Structures are given as C-alpha cells and as structure tokens.
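Dropping the structures in below, format is structure tokens.
Below are two complexes that have chain A in common, paired first with chain B and then with chain C.
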Partner chain A sequence: MEYLEAERDILIRILEVANMKIFFQKLKARLIGTWLLILCSNFSYSDLETLTDTHLSDIDGAGIGIVLEDFVFNAGETVNGGGTFEINGLKTSGGDDVTIGISQFYIAGPGSVQGANATDHPVNIGRLVNPFNLELRDGNDVGVTDKAVFEFSAPTKINGSRLSERPNMGIRFDLDIAGTRYQSLENHIKSLSIDGSYIRLWGGNGHVEGELALNINTPEIQFFACDSFGNNCGDTVNFRDVNIELQLGSGEYQPVTFEVDDTGNFIFEVGTLAGKCSSVNSTGGCSSAAGSQDYKDLAKYYQSGPQSNVYVDKVIVGGQDFGSTTISNLQIQYLEVKSHDLQ
Partner chain B sequence: MIKIIIIALSALYLPCSMALEPLGEEELQQVLGQGGVYLSGDITINEAGGPLNVETDTSNPGVWKDSCTTSSTNVRCGARIAVNAGDGDSSGWLVLDNIRGRFSFEGMTLTTRTINSGFDNNFDPTNTAHDPNDAEYGEDGVAFNRDVLEIGLPYTIKYSNVSFTLANSNFARPTDTEVNSQGQVIAEFAQTDILSVKIDGDVSLRGNLLLFPTGNP
Partner chain C sequence: MLNIFSKLVFFLLIFSSMTNAQLVPIDERELSNAIGQAFINIDHSSDVNNSLDFTKITFGLDIKTSLNADLLELGKYDVAGKAAGSADIKITDFALGHIDESGSIVPFEIADPFIELAFDNDSVTGKQNLAGVRVGFGGALGKLSGNIEYLTGNIDIGIRGLGKSIYDKANTGQDILLWFAGVSDNSVLTAEAELVNKDTGLSDPFRAQHVGMVNGQNLSCVENCGPFSFLLDLDFTSSQGCGVLGIDTCFPLTNFKSLDIGNNGQKSEGLFVSFQTKNIAWKDGSNSTTASRGAFINIPNGGITVNFDQAFNGIPRSRTRYLDPYFGGR
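The block that comes next holds the complex of A and B.
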C-alpha cells in the first residue's frame, strides 16, 4: 500500500509539473501575443494621436504668404511692339466717343526712369519675413462676433518693405475724342509702399460686408501733360513725401458695403452711426447714461475708431512751392456713393 | 499548437508593422522631387460667336444663333459673370460682361524651391559697399530658410482682341424680366456700362510668384 501511495504521489507531482509546464507555455504564448498586439497597436495608432487643448491652443491663424520676386509688369500701346490697350465708355457733352488709349502702364523697380527702362529693373514686392498675406481670421479678434473673416493684408509696418521692395509705377495715356488724338497725360509714382493696408470681408445677412485700410507712402507723385505724341511736356504737378492713411469702416459696428441696386446702379456705403445711441437729445447728442453699453461703444468709436490722415510735405506746381498740406483725424461717420446713368 | 499560434501572430504582426513603418529623416532626404512643371497655355473665349442662351426658341437650341464679331453690339454676345453682393431681390448685379478674345502664354513654371540666402536690400548689384550687419540690408533669405511654392510668371502674355465690359445691371441675365402675379412684365432688363477695356498686343509679366504658409502651423 505504501508503495502504491508513493507511486500515486509521484504521479500527481508529475501531472502537476506537466500542468505547470502547460500553464507556463500558455502564459508565454499569451505574453508573446499581447506583446505583438501592443507593438502592432503602437504602430497603428502612432499617427492618430489625439490633439489636446494645449496643442490646439498653440495653433496660430496660419495663412498663405505671397511675395513677388524680380517682378516686372509692362503693357501698353507704345511698348512690346505696339498694340491696342483702350478704355471706352466715356462720351463728351456733344455725344462724341472718348477713348482712353493707354500708351504704357508699368510696375517695376528703382531705376526704371518713368517707365523708359522698366523691363530691366525688376522689383521684389513683399518681404519673405513680412509678406502679403491671405488668411481667414477669427472675427472676435477684429470686431465681428462669431464669424470667420477673410483678410488680405499687405506687409505690416513693423519691419516693413525696404527700399528695394518698393515699386515704381506709372501710367501714360492719351485722350482720343471722335478718333482724333488730343493730349497725352502722364502719372508716375516713385517707390510706393502700401505697408499696413488690408481688406477684410465677411458675410452679413445675405450680403458682403467689409472693412478697409489703405496706407500709401511715396516720396513723389508726378502729373504732367504732353502733346499727342508724348513730347513737349508741360509743367509738372509734384506731390512730395505723400503719406495717406485711410481707414473705412469698423468691424460690424460700422460695415462697408458695395452693392448694386435694382435699377442697375452701384452703391458704395460706409455704415451710418445713426441709431447707435438709444437716447438722442434735442441737439443730436447721445444722452444715454454714461455707463450704458451704447454710450460706451460710441465713446470707444470716437476715441479709437477708424480715422484717416493725409500728409503732403510739398506741393510743387511748375517749380513753384505751394507748401505742405495736412489733414488729420478725419472720421467718416457715414458715406454713400451712388452711380446714376446719364442717358 | 503554440507554434501555430506564434506563427499566426507573427504573420499578423509583419504586415501591420511594415505598412506603418515611419520614414527616417535620412531616408526622406534621399527622396528627390521632379524638377517642376512647365506650362504653356492658349485660351480663346467667344472670339467669333457664342452660346446665346435663348430658352424660348425650342426649334433652335440657342447656339451660334447670331453673329458675335467684335463689332457686334448684341447684348447677349460674349461671356458674362454676374455677382450679387446685396440683399436678394431688391438688389442688382455687378457684371463683367462681353468677355471675349484670346490669351496665350508660354513658359509658366511651377516648382518648389528652398530659400536660405539672398533677398537683401541691395537693389543695385554693383553696390557692394553696404554694411552686411545693417538691418536694412540684412538677408531675409537666411532668416527665412524654408521651402516655397514658386510660380514662374510667363515672360510675355499675348492678348488677341481681348475685351470686356465692367457694368451694373438689375438682373443677372439680359433675357431676365420681372413679372407680377398676373404675368405682366413690370421691370425690363437694364444695364449701366461703366467702362469697356480692349487689349490687343503683348504684355510683359516677369518674375516669380512665391507662395508659402505663414503663421505658426
């Protein structure tokens, strides 16, 4: 019996060891399987990582930068072997057709000598580190609540365009009346910079609304007239050191709209401030309580709203200096321009 | 059995890891793109006629119905783009009308380029006297050091009898009218032409248009 019991014990132990072996082998297989699955899943999900709030808040409004390198534009009836470049549609009071024939229209770099040497003097327009920019912006940053705003902007004024990035441009055109060429007019702008300009557009209840800032900075604008062959030019009207800052509209508080009415005439409008104040006194002033929202909005508009400035250092006509001109802090509170057909 | 499981798992493992093997920087650097694309183009729009969009005449589908030579004053000649930027029915249309002619160009290129030098302020190539440390003369290209998409503008664009008219109109199309509930016409089509432009000849358009992402993507 003792022998039998001992034999049973051994058998049990053998079975136990065998069981353990199978268990460990099963465990090993499972571990390898799991490890392989982990490897697989690591690879499969490595490019599908969830973006956290921190990641998302790092994303800046990215747009498309635009720079023109070595740019020249030159067109007209007296360049590139001639041709026709006409604008029609005007009539004299006698009913004769007036045709504006564009002899030359050029955009080129410094040294283009009023267009005479345009094609050999290219210009970079926009800087790589401060380009023209096309972007969709968050409206809440620019005074348009909860809407996407399309923005096209020129280089900013900080680190703005350098001398080699400021084009010369100009136009020479002739006036033809009933087929006879009468006079040639020329206009040349030197070293033009529009840094800081932008246009913003957004949708406002079924129509396009916008806001516009136009900055023009040039050391010289010239106008003069010549005979019909472009010779014997008369005295020049010179505007030296011209700085124009034009701001139209202020977000959705004062939107700018461009529409065509149902008679086929266009209307350009800078939104009115009428109705912005809930309580108006007898002289037209706002008599809302100083702490009310409409009063605060109006006060903010008057203090830091859009304003336009013009500064011309010298106006010289035929060599005579007319002195300087300054217009500053001009705030356009309503503007409507409407076309009317004369026929 | 265990061996079979391991082999089966290995077989599973291999394809899923191979399909998603990340490309290293060094491997990526070996990849060379094409040298870019060279484009030439020629487009003719309604040079001697055009579809006239006459819907009422069922016997004639409205194509080539009238002479549309450049001297023709038929309001339906030429292509027309009408945009309404106003408040629905009570507003009119900004129109680019009577678009016709032929444009052609050769030598437009499309390529990518790495910019890491140049773009200084030295517009006079003979002037080497400037101070390279002067911020005004600094090389933007060094600071930029990125890839851009470069569109090489064609040297010359040829225009043959290209014309278009800028106008405003009360309806989108010249065939449109406003009809009241009794079927009477209460408003005819009206259009105010602002100006017409006609170009025939060559225009120089030189340089490169560089496009690149801005901001901090």
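The block that comes next holds the complex of A and C.
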C-alpha cells in the first residue's frame, strides 16, 4: 500500500545558481529528467488510495512556502555576451520609434557593487521558518465573508529580515529614439525588504477582486545618468532610508479590481465608499446612528482602514541635502484608472 | 521553481491524452483586428542654451480619485532666512476630490499623467547629471483641499469680483476714492495674485505662506466701469506692502482650504510637482515654467480663480470624508 505523505510545506530550493547560464543548464537537465519520467509513466500501475481520517487530520492547510536560497539573477549585455532585453513598439508623440534597452538587471546579495560583481554574491530570498507563502485562506479572517481567498505573501517579519536575506537590485535603461541613442539611466536599490507585503484575490461579482499591501524598506535608492554607453556617469541622486507602506483595498468592503474592456484598454479600480452609509445629512456626511453597522464600518475604515505612508529621510544630490519627504495616512476613498491610446 | 515547473509539465501531460482541442493559426483578417494599446509615449527634447536634455514619459490614462492624507511634506530641511522646521511644500489634511451635498463623491480628474527627467550636460567633464524630475498632468479638474502651510512654486490665482466686495472692506475715505475712480457696486474688478512676502509685498515663491498682489500691481476694472476708472492704474491705487488704499491685498495661504483646479469646468494643463537641483525651465507646449531648486509645485494661471469675498475671507473647506472632522465629525 502506498500513502501520499502530507507535507506541511513544500520548500523549493534553488542551490548555487550562479548566473542565468547555469540556471538554464539546470533547467534543461531537469526537463530531460521530467520527460524520462513521463515516458516511463505508461509502465507504472500504482494506485492512489484514500487518506485515512488519521492522516487527513495531520493536514493543516498551511499552504506552500517558497524560499530561494543562494539566489542570483544577473542579466544584460555585460554578462550574457551582448544580449539586451528590449522593449519595442513605443512611439514618441511625433510617431518616431522608441526602443528601451534594459542592458542590466540584477538581483543579488550584499557586496554585489551595483551589479558589477553580482554572480559571486548570492542572496537568500525568504527564510525556511519565514518564507514567501502561497495559500488559500479563510475569507472570514480577512474581511471576505464565506469565501476562500488566495494569498501570496512575503515574509511576515516586517523589517526584520537578516542582511543576507535582503537583496540588492538594479536596472539600467538605455533610450533609443529613431536610431539615436540618448542617456542611459541607472537605478540601484540596496538591501531591499518587502516584508509584510501581500496580494489577496477572491471571486467577486462576476470578476476577480482583491486587495494589495506593498511594503518597501531600503536604506538607499540611487539614480544616476550615464552617457549612451553607460559610461561617464554623473552625480548620484540618493534617497536614504526609504520606507513605503502602500495599502489598496479593504476586503469586500472596498475591493480592488482590474479588468480589460472590449476596446482592449484596462480599468483599475479601488472601490468607492459612496453608498456605504445608509443616510446622509444636508452636507453629504453620514447621518446614520452611531450604533448602526454602516456607521461603525465607516468609522473603522477611517480609523484603521487601508492607509499608505511614504517616508524618505534624506534626498541627497551631489552632496547637497534636500531634506526629508513625508506622505502620511493616505486613504483612497475611490480610484478609477482607465487607459486610452495616445495616438 | 524547477521542481514546480517540472511537476506542472508532468501534470498537464497526464491530462493531455484526454483533450482533443486543436490549435489553429489566426488568419490575416483576425490578426488585423488585434491592436496594441499605445498608451505610453516617450519624448526627448533639448534646451541647448542651458545644456539640458529632457526625457518625458506620458501615460494615456484617465484617472478619477478621491483621497485624503494627513500630511504632504516635501523638502523639509533648514534654510537661512526661513523658519526652522519649515519645508518647501507642507500641506496638512491634504485631499483631492470632494463629497457633495447629496453624499456623492465628486472625484478629482486627471488626464495623461507624465514623468519627466532633466539631464544636465556638463560640457567640461562630459558627464550627464540627473538634474530634475517632475510628475505632472496633461489636465486636472476638481477640488484640492488642505491647510497650505508652506508652498514653493507658482500658484497664480486670478481674482475677479464685484466692486461691492471692495466697498464692504473700505472705510469712508476709501469709499470716496473708489467712487471717484468710477468703481460702483456692480463694477467687475480683476487682479492677479501670486505667492508673496507679507512683510515686503515682494514676490516670494520659496516657502511662501501668503498669496496676494505684489508691489506695483493694480486692480483693473473690466466691466461696468466709470469714466475715471483709469485712475485705478495710477500708482496711488497700486498695491504696496500688501495693501491698496489701505485694503489688505495679501492673504494667508491657510485661508484657502479648498481650491478649484480647472478652467471653467474644463481640465487645466500644466499642473505639476517637481524636484530639481538647479533652476530648470520645464516646458508644456509653448509655455515654460521655471522651477527653483528643491521641491516645486506649479498651478498654472487660469487654474484657480477666486472672488474678492473669497480672497478677503478665505475659502471654506469642502467635505472630503463621510465622517469629516471639519464638519463636526459627521
């Protein structure tokens, strides 16, 4: 008799992926192995058997934990023999062709020196006891009544990730308009943490609804421009001690939706608070009784509903300090974003 | 990831023997119906005289929103001559959009937002310095609310109203002067107000706390004017030290708690927030706005028009929440 062993977490480990070449070599090897298994599957006759109640009771539905150990992603012309990821099809307002080349993109660990030495400095993304999670949650726990909610979440220990678990990231954009190359722009993010971030999705009224929380914590974000070949770079714009907490949507009370209409344009919405109060006064305010559910829901929303905050301790350019930037307790009561053609 | 990918392939192939669907190529006619959505433009321009290059990314988006924030503060650092703890831009209880008397949300509307980068070409070293960035809107319409404590930028406010409002503020001597200048209760007077230093009456676009008529600026009579209305153009009726004929012409920015952005119900162009390391002339079509070093907000002329009563007495805050502290918590 064979039993399928219930696993509390399926931990996915990618070991010693030094760069994309090795990554794809391993991918190729794994695929060959998979094909061999498939070919042999015609000769296997094992049965799946029902789990007993005892075994079933051991399953706690903790979902799938994801940890990437010793992870490095490093792509671009400096590591792949001239290969550059390009975005084409863009236009200027005058109709000229625009190409954006991404000539470097890396995710690596401390010591990667703005991508110059990424492959020797891997990073662990997530921790075995605190991984990224894919799971189905009970909607009643997250403001969605009697529905299953799909959740993809980052590690939950906010700002507590060890240094080796906070990747450095960087990207270089090269601008080409009608065959003429202009400046390139580089962006580097040090020791990034997105702990506490999540996206939740569930079935709504004929479409997918969701909510989003994105936390970004980094000691430094840098921008600087270089010439069209990535050399002769100018002054660096430094954003020091950047903390961003972005929350969009609040369960089924204020769902976030993303749809594409029949013209091919997208519509992104954060649900409106209009109509949440059953009665309004002469100035448009909520006049429901203080003990009523709609009043309590609104009061709770304004007190502890989704809030976004941005704090940058210092903006420094070429040694000049332009001080701090703060946006606090931003609440979006309604948002609709619709795309349209510019040409 | 490899394991999952392999398992996925394996899993799909298990079921492949049960499927009979066939992929068929899309014919030319169907293919011609597929369109790519061109909702992004990227433009490059140069200001040769100032050795600046600009790259502008425009998004084809129509945005409607209603939002509140406790604090919007940009560029908080100490500068000689300005109060300690002040900022280039500081607005408390900031809000976009409002709620009308029927309880409907009247959103703030934004069309075609853009991000623009300015690069400074150093002719000596040949280096490209990132000198500025701005976030702006091709069009904006709606109410912007908040307590504006400090503002750096260009926020030209058009004042247009009836002479009666001036008479209501004037004393007997001023009444006589206004009458002699041909200003009646029904005369329509206009003036342009901008960020100003209350103590000197001089233009002060850096960390301003007041808006008003700068020294030497006159009221203009544009309708129902008497024969001697030209007297309004004389020096003695021009604003000096934030006053005309003893009537205040400068007002705290905090008086203006809700501003109508837009021009006669249409979206106005040129609204932007920028940050630059030196003075940069940002261009919108044929218009150019020079932004000073640091954080800067531009609300173009025609974006805000108030009447004299609003200028003298301020503009009350519009409702921005269903439970609004500015409306007794309800």
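Definition applied: the second predicted complex is superposed on the first by the 278 of 343 C-alpha atoms of A that agree within 3 Å, B and C clash if a C-alpha of one lies under 4 Å from a C-alpha of the other, contacts with A are read in each partner's own complex, and residues count from 1 in each chain.
In the analysis below, a contact is a pair of C-beta atoms (placed from the backbone, for glycine too) under 8 Å apart; a residue touches a chain by one contact, two chains touch by 3 or more.
None of the values given here were measured: they were computed from a predicted structure.
In the superposition on chain A, contact of A:89 is made with both chain B and chain C. After overlaying the two complexes on the shared chain, residue contacts for A:233 are found with chain C alone; chain B is out of touch. Looking at the shared chain after the overlay, A:73 reaches chain B, while chain C stays out of its contact range. Looking at the shared chain after the overlay, A:183 reaches chain C, while chain B stays out of its contact range.
In the superposed model, A:224 makes contact with chain C only, not with chain B. Looking at the shared chain after the overlay, A:265 reaches both chain B and chain C. Of the two partner chains placed around the shared chain by superposition, chain B is the only one that A:127 touches, whereas chain C remains out of contact. Of the two partner chains placed around the shared chain by superposition, chain B and chain C are both touched by A:339.
Of the two partner chains, neither chain B nor chain C is touched by A:319.
Within chain A, the residues touching chain B in one complex and chain C in the other are 26, 33, 68, 89-90, 264-265, 339, 341. Across the interface of their complex, chain B is touched by residues 25-26, 28-29, 32-33, 36, 39-40, 43-44, 46-47, 58-75, 77, 79-90, 109-111, 118-119, 122-124, 127-129, 131, 133, 135, 162-165, 205-208, 257-266, 339, 341 of chain A. Taken together, the chain B residues at the contact with chain A in this complex read 2, 5-6, 9-10, 12-13, 16-17, 20-22, 84-94, 115, 119-124, 136, 140-141, 143-144, 148, 153, 156, 159, 165, 167-170, 187, 190-217. Chain A meets chain C in the complex at residues 12, 14, 26-27, 30-31, 33-34, 37-38, 41, 68, 89-94, 98, 100, 175, 177, 182-183, 185, 223-227, 232-235, 237, 264-265, 272-277, 280-287, 295, 298-299, 302, 315, 317-318, 320-343.
Those residues of chain C whose C-beta lies close enough to touch chain A in the complex are 1-6, 9-10, 13-14, 35-44, 53, 55, 58-77, 87-88, 97, 99-105, 107, 112, 117, 119-120, 122, 125-130, 275, 277, 294-295, 319, 321-324, 327, 330.
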